[in-house]
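Dropping the structures in below, format is C-alpha cells.
In the two assemblies presented below, chain A is common to both, partnered first by chain B and then by chain C.
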Partner chain A sequence: MKTVKTDYLARVEGEGGVRIRFRGDQVRDVQVRIFEPPRLFEAFVRGRSYAEVPDITARICGICPVAYQMSSCAAIEDALGIRLAPEIGELRRLLYCGEWIESHALHVFMLHAPDFLGYPDAIAMAREHREIVLAGLAIKKAGNAIIRAIGGREIHPINPRVGGFHSLPPRSALVELIPELESAHQAAMQALQWLGRLNYPDYEGDYEFVAVDGGDRYPFIGTGLISNRGLNISARDYDAHFEESQVPHSNALHSRLRARGAYVCGPLARFNLHFDKLSEGVREAARRLNLTPPCYNPFKSIIVRGLEIAFALEEAIGLIRRYHDNGDAFIAPPSAASTSTGYGVSEAPRGMLYHRYRVDSAGLIRDAKIVPPTSQNLASIEHDLARVAPRMISLTHAEATRLAEQTVRNYDPCISCATHFLQLTIER
Partner chain B sequence: MGQQWAGDDGVGLAVIRELRRLNSQLDLVEIDDPARLIELLCEGADPVVIVDAVMDDGPAGRVLLIDCRRGAPRLQSHPLSTHGIDPMQAIELARAAHPGRVASRIFVIGVTIVEASGPGHNLSAPVQAAVARAAARAIAICSPL
Partner chain C sequence: MARAGKPKLAVWKFTSCDGCQLSLLDCEDELLEIAGQVQIAKFVEASSAAIRGPYDLSLVEGSITTPDQAEQIRQVRRQSRALVTIGACATAGGIQALRNFRNVPEFIAAVYARPEYISTLSTSSAIADHVRVDFELRGCPINRHQLLEVIAAFINRRRPALPNYSVCMECKRRGTVCVMVAKKIPCLGPLTHSGCGAICPAYGRGCYGCYGPAQTVNAKALADAWEAAGASKIEMHRVLRSFNANAAEFRSAAETLDENG
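Right, the complex of A and B next:
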C-alpha cells in the first residue's frame, strides 16, 4: 500500500490537509482533512440581535468578509420583509466587486500561479516574474480600495448593516478610485495573456455546477439557485434540495445535492452558467484564450478568476459612474411581529454562500445555518484528487505533493470558512 | 496585526491599544491583511516592528522577538493566517518584488497563542498578560540608541 501524504497544505486559507492511499497502482482512498478547530459561529449568533450578525459572521473569513455580510444581510432582510432600494443594491454590488477583485488577485497571483510554473511559492516566483507579481499586488490593492471606500476599512468592513449601510460614501470618494481601477483593469487584461500561456493539465471532471441566479446579470447577490442539470430553485428551498453530512476525517461538513450528490460552486460554475452575462470585452478575451463554456477542466479556473477580475473592475467602474449619494443609507427594519425565517444566497469569490436565520419577535437570532462554498466543494475536491492521483504513481513525493496541492487550489479553498465544518498525506 | 473578534488572534491589536495608552510616539498601524504589509514595508519607516500572534508547540503568552534583517524565518509548522500568506512571507515577498525599497530593519514580535480564530472579543489570560511585555519590547526596539 502506498499513501501520498502532505503534512501541511500550503497556500490555502487556514489549515487543511489531504491523504491519498494507493494499493499498487489503484487509488484506495482520498480524504480532504480539515483540522482547524471547528468554528462556533452558527451557535455564537444564537441569542444575539440580528443587527450584530453581519459584523459577527464577517469574522468567519478574513479574505471574504463582504460575502458573509451580504448573505447574512440578505437572509435577515428576507426574514424581516425588508425590500432594499435599488441604489443600495447597486452599492452592495460595487462592494462585492471589490472583494472579488482582491480575493481573486491574491489567489491567482500569490497562491495558484506558482503551481503552474513549478515555484514553491510567490516569493520564488517574484524573483523571476516580478512584473506579474507586482501587477497582482496592484490589482489586489485596487479591490481593497473599493472595500475601504464603501466599507470603512479593508478587512471586516464596518459600514454594511441590515437594511443597507450605516452611511453612504461620498460620490467624490468613489469617483477618485476610477483611475486606479482603470489601471488595474489594464493590468488584469495583460495578465490574462500571461495566464493563457501557462501549461494546463489535461483533465476534465463530470460536474454539476451550481450558482446563484442573478437574473439578467452576472451574479453577486440573488434569490435563487440554478445548475447545469436542471436545478432552478428559490433560496428558500435550499434545505429541500441540499444536505450536509459529517465525515470522520474532517471538522468541515460535506454538502451534496439530495438528488444527485456532489456538485461544484465557484468561478467555473458561474462562468459555465452565466457566460453570456459577462461583458463583451471579457467574453472576447475568453474566446481569444480558447476558453468558452462548457469548461470542465478545474485547472483552468485560474483563467476564469482572471476573467472575473477584469469583469469586476469593469463593473465597478460602471457602478461608480452611475452612483449618487443623495438617497437614504438604509431602511429601518420593522419590528418583527413574530418569529420568522429568512434565506440569503450570494456568490462569494469561492462560490455560493448560503445563510439562513430564524429571528424572533425581539429581534434575536434563534437559529442559524451557514453553508460556505468550500465545504460545498469538498466532495468534488476529493473526487478530483482520486481522478488525478494515478498520475502521482510515477512522480517523486515532492512532485506528487505539488500536483495534489495544485489540484486542491483549483478551488481556492478557504479552510477557515469550512466550518459550518488541510494536510496532504501521500503515504508510499 | 490581528482580528478583533478572533480571540487570541487579536493580540497584535491589543498591543497597539497598549502603546496608545502609553502615549507612545511610534507610528502605529493596524492591519489584518499581510498583503497590506507588503506596501507598508516600502513606505519609508525604518525600523518596522510587526506584532502578531504565533503558534508553536509551547505554552501561550510568551513574547518572541524575531530579527528579520537577514531573512524572515518560518516560525511554525504552518502559517497563522487566513489570507494565504503570513507576515514572514509578506516580508520576503516585499523584498523580492521591491528590491532596495524595503525597510532594512524589520522585527516581528510574536506573542504565542494556543488556539486562533475562535469567536470572541477577549484574549485568554496568558496572552493578555503578555500584552504589556510585547508593547515594552516594541518601544525598546524603536528607541534611538
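Right, the complex of A and C next:
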C-alpha cells in the first residue's frame, strides 16, 4: 500500500496535514488532518458581557477578524432586538470590503498563485514575476488602508462594537483613500488577465453551493442563506438544516447539510449564486475570461477571488462617495428583558460564517456557537482530494504533494479558525 | 553563493490566530526589501520551502498549549541564535490563558462532542516559561513598525529601541484628550504597555489592555479611578482577564480585585 503524506501544509493559515492512502491504483482513504490545537473560544465567551464578544471572537483569526466581529455583532444585535441605522450597515459593508480585498490579495498573489507556477512562495515568484507580486502587494495594502481608517488597525480592529462603531471616521479620512483604491482597481483588472493565462487542471466537482442571501446586493452581511439546490432559510433556522460532527483525525469539526451532506461555501458559491449582482464591469471581465456561472472547477476560485477583489474595490469607492460622518456612531443597546437567542451570518472572505449567542437579562453570554467557513468546506476538500488523487499515481512525490496542496488551497482554508490544518501523507 | 551570507530568519507558530506573523506579510512596502536582506529560511504560512537551522533570528508566535509544543519550543531554542516572541500569546499565554483560571475538561466538552479525541494542556503558557527568550514584542496584535525595528535590531546585533512606558504617554504624544478625565470612559491605559499608538482612546473608547502590563503600574489607584468613573470592579476584572490575563501584573491586579470583593 502506498501513502502520500504532507506533514505540514504550507501557505495556509494554521496547522494541518493531508494523508492519502492508495491500494494499487485505488484511493483507499483521504484525511485532511487538523492538528492546530483546540482553541475553545465558544467556552471563553460564556459568562462574559456581550459587549466583549466582538473583541474576543476577532482573536479567532488574524486574517479575517472583521468577519468574526461582523457575525458576532449581527447575532448579538439580533438577540437584543437592535435595528441598526442604514448608515451603520453601509459602513460595516465598507469595512468588510477592506477585509475581502486584503485577505483575497494575500491568498491569490502570495499563497495560491505560486502553486500554479511551481514556486515555493511569492518571494521566489517575485524573482521572475516581480510586477504581479508588486501589484498584489499594492492591492493588499489598499484593502488594509480601508480597515485601518475605519477600524483603527488592520488586525483585530478596535472600532466595531455591538450597535455600530465606537466612533465614525471623518469623511475626509475615507475620501483621501479613493486615489489608492482606484489605482488598486486598475491593478486588479490587469491581474485578472494574468490569472486567466494560468493553467487550470481539468476538474469539476458536483457541489451544493451555499451563500448568504444578500437581497438585491452581492452578499456581505445578511439574515438568510440560499443554495443552488433549493435551500432558502433564515439564519435562525441554521441548526435545523446543518449539523456538525467530530472526526478522530481532526481538531476541527466537519459541517454538513442534514438533508444532502457536503456543501461548499466561499467565493465560488457567492459567484455562482449571486453573479447577477456583480457590477457590469466585473461581469464583463468574467465573460472575457470565459468564466460564467455555474462554474464547478474549484481551481478557478483563484480567478473568482480576483473578480471579487475588483468588485470590492468598486463597491468601496461607491460606499465612500456616499458616506457621511454626521450620524450617530452607535445605537445604545437596550437592557435585555429576558434571556434571548440571536443569530448572525456573514460572508468571510473564505465563506459563510455563522454565529449564535444566548444572552441573559444581565447581558452575559450563556451559550455560543461559531461555525467557521473552513469547517463547512472540509468535507468537500476531502471529496476533491479523493477525486484528484488518481492523477497522483503517475506523479513524483513532490508533484503529487504540490497537486494535493493546490487542491486544498482552492478553499483558502483557515485552520486557525477551524480549530476551534496541513501535513500530506500519501500511502501507495 | 552570495545568499549564504545573509542572516537566516525563521517564523514559528504555536497556539495562535496567525495575526502576528501576518504582520510581517502586512509590511507590503518593505517585504521584498526584507527578503533581500535576510534569508527567510522557514515561514510555513508564507512558503512551502524550508532551509535547515541554525537560524540567526527566530520569531515565535503563539502560546504553549500541548505536550508536543512544550518539546518543540526547546528544539526551536536550540536552533536559534536569538529568539524573539511576537505578540501576547507567545509573551503572556494570550487569550488562551483564560483556561488557566477555569476547568479545561469542561471547556472542551462545551466545544467538542467527543472530548476523548482532543489532546491539550490545562494551561496556556508563555514561551519564556519554557525556554530563554531574548526579547518579547508585545501586543494583540503586534505593531508591524515595531516588528521591523526588532528584525533590524537583531540582525545588526543591537537591542531594539522600543519604549516600555504606558499607553498614557502615547495619548499625550498623539494629542488625544484623556477619555477617562474628559468623558468618564473607563480606560486601562495607565496600566498598559505602549506600542499600539494609543488607538482606542483616539476612537473614543477606553484602552482594553491588549499590549499587556507596562513596566511600573499602580492597579489600586486605577481601580479607584474606575470606580469614580462609574465602572464596577467586575468590569475592570473582566478587562484584566482578557488578552493578557496571565501576565503577572494583570493577574495580580485581578486577584486583588477578587480579594476586595
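Note that the second predicted complex is superposed on the first by the 425 of 428 C-alpha atoms of A that agree within 3 Å, B and C clash if a C-alpha of one lies under 4 Å from a C-alpha of the other, contacts with A are read in each partner's own complex, and residues count from 1 in each chain.
Definition applied: a contact is a pair of C-beta atoms (placed from the backbone, for glycine too) under 8 Å apart; a residue touches a chain by one contact, two chains touch by 3 or more.
It should be emphasised that the depicted structure is a prediction, and the values quoted were computed from it without experimental measurement.
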Contacts of A:Arg46 with chain B and chain C, given as first, second, both or neither: second
When both partners are placed on the shared chain, which of chain B and chain C touches more of chain A: C
Which of chain B and chain C A:His107 touches, first, second, both or neither: first
A:Ile56 touches, of chain B and chain C: first, second, both or neither? both
Touched partner set for A:Val133, first chain B, second chain C, both or neither: both
Chain B versus chain C as contact partner of A:Leu198, first or second or both or neither: neither
Touched partner set for A:Glu154, first chain B, second chain C, both or neither: both
Which of chain B and chain C A:Ala85 touches, first, second, both or neither: neither
Contacts of A:His166 with chain B and chain C, given as first, second, both or neither: second
Contacts of A:Ala122 with chain B and chain C, given as first, second, both or neither: both
Chain B/chain C common contact set on chain A: 8, 10-15, 36-37, 39-41, 44, 55-56, 59, 61-63, 106, 110-111, 121-124, 126, 130, 133-134, 137, 140-141, 144, 154-156, 416
Chain B - residues contacting chain A, complex: 3-6, 31-33, 35-36, 38-39, 77-78, 81-85, 89, 92-93, 96-97, 115, 117-119
In the complex with chain C, residue positions of chain A that touch it: 8, 10-15, 36-44, 46, 48-49, 52, 55-56, 59-63, 65, 106, 110-111, 114, 120-124, 126, 130, 133-134, 137-138, 140-141, 144, 152-156, 158-159, 161, 166-167, 245-246, 248, 251, 253, 329, 405, 416, 420
Touching residues on chain C, where the partner in the complex is chain A: 13, 15-23, 25-26, 28-29, 31-32, 35, 40, 43-49, 65-66, 69, 94-96, 98-99, 102, 104, 106-108, 110-114, 117-118, 120, 140-141, 196, 199-200, 202-205, 208, 210, 235, 238, 242-243
Interface residues, chain A side, partner chain B - complex: 7-8, 10-15, 36-37, 39-41, 44, 55-56, 59, 61-63, 106-107, 110-111, 121-124, 126-127, 130, 133-134, 137, 140-141, 144, 154-156, 414, 416
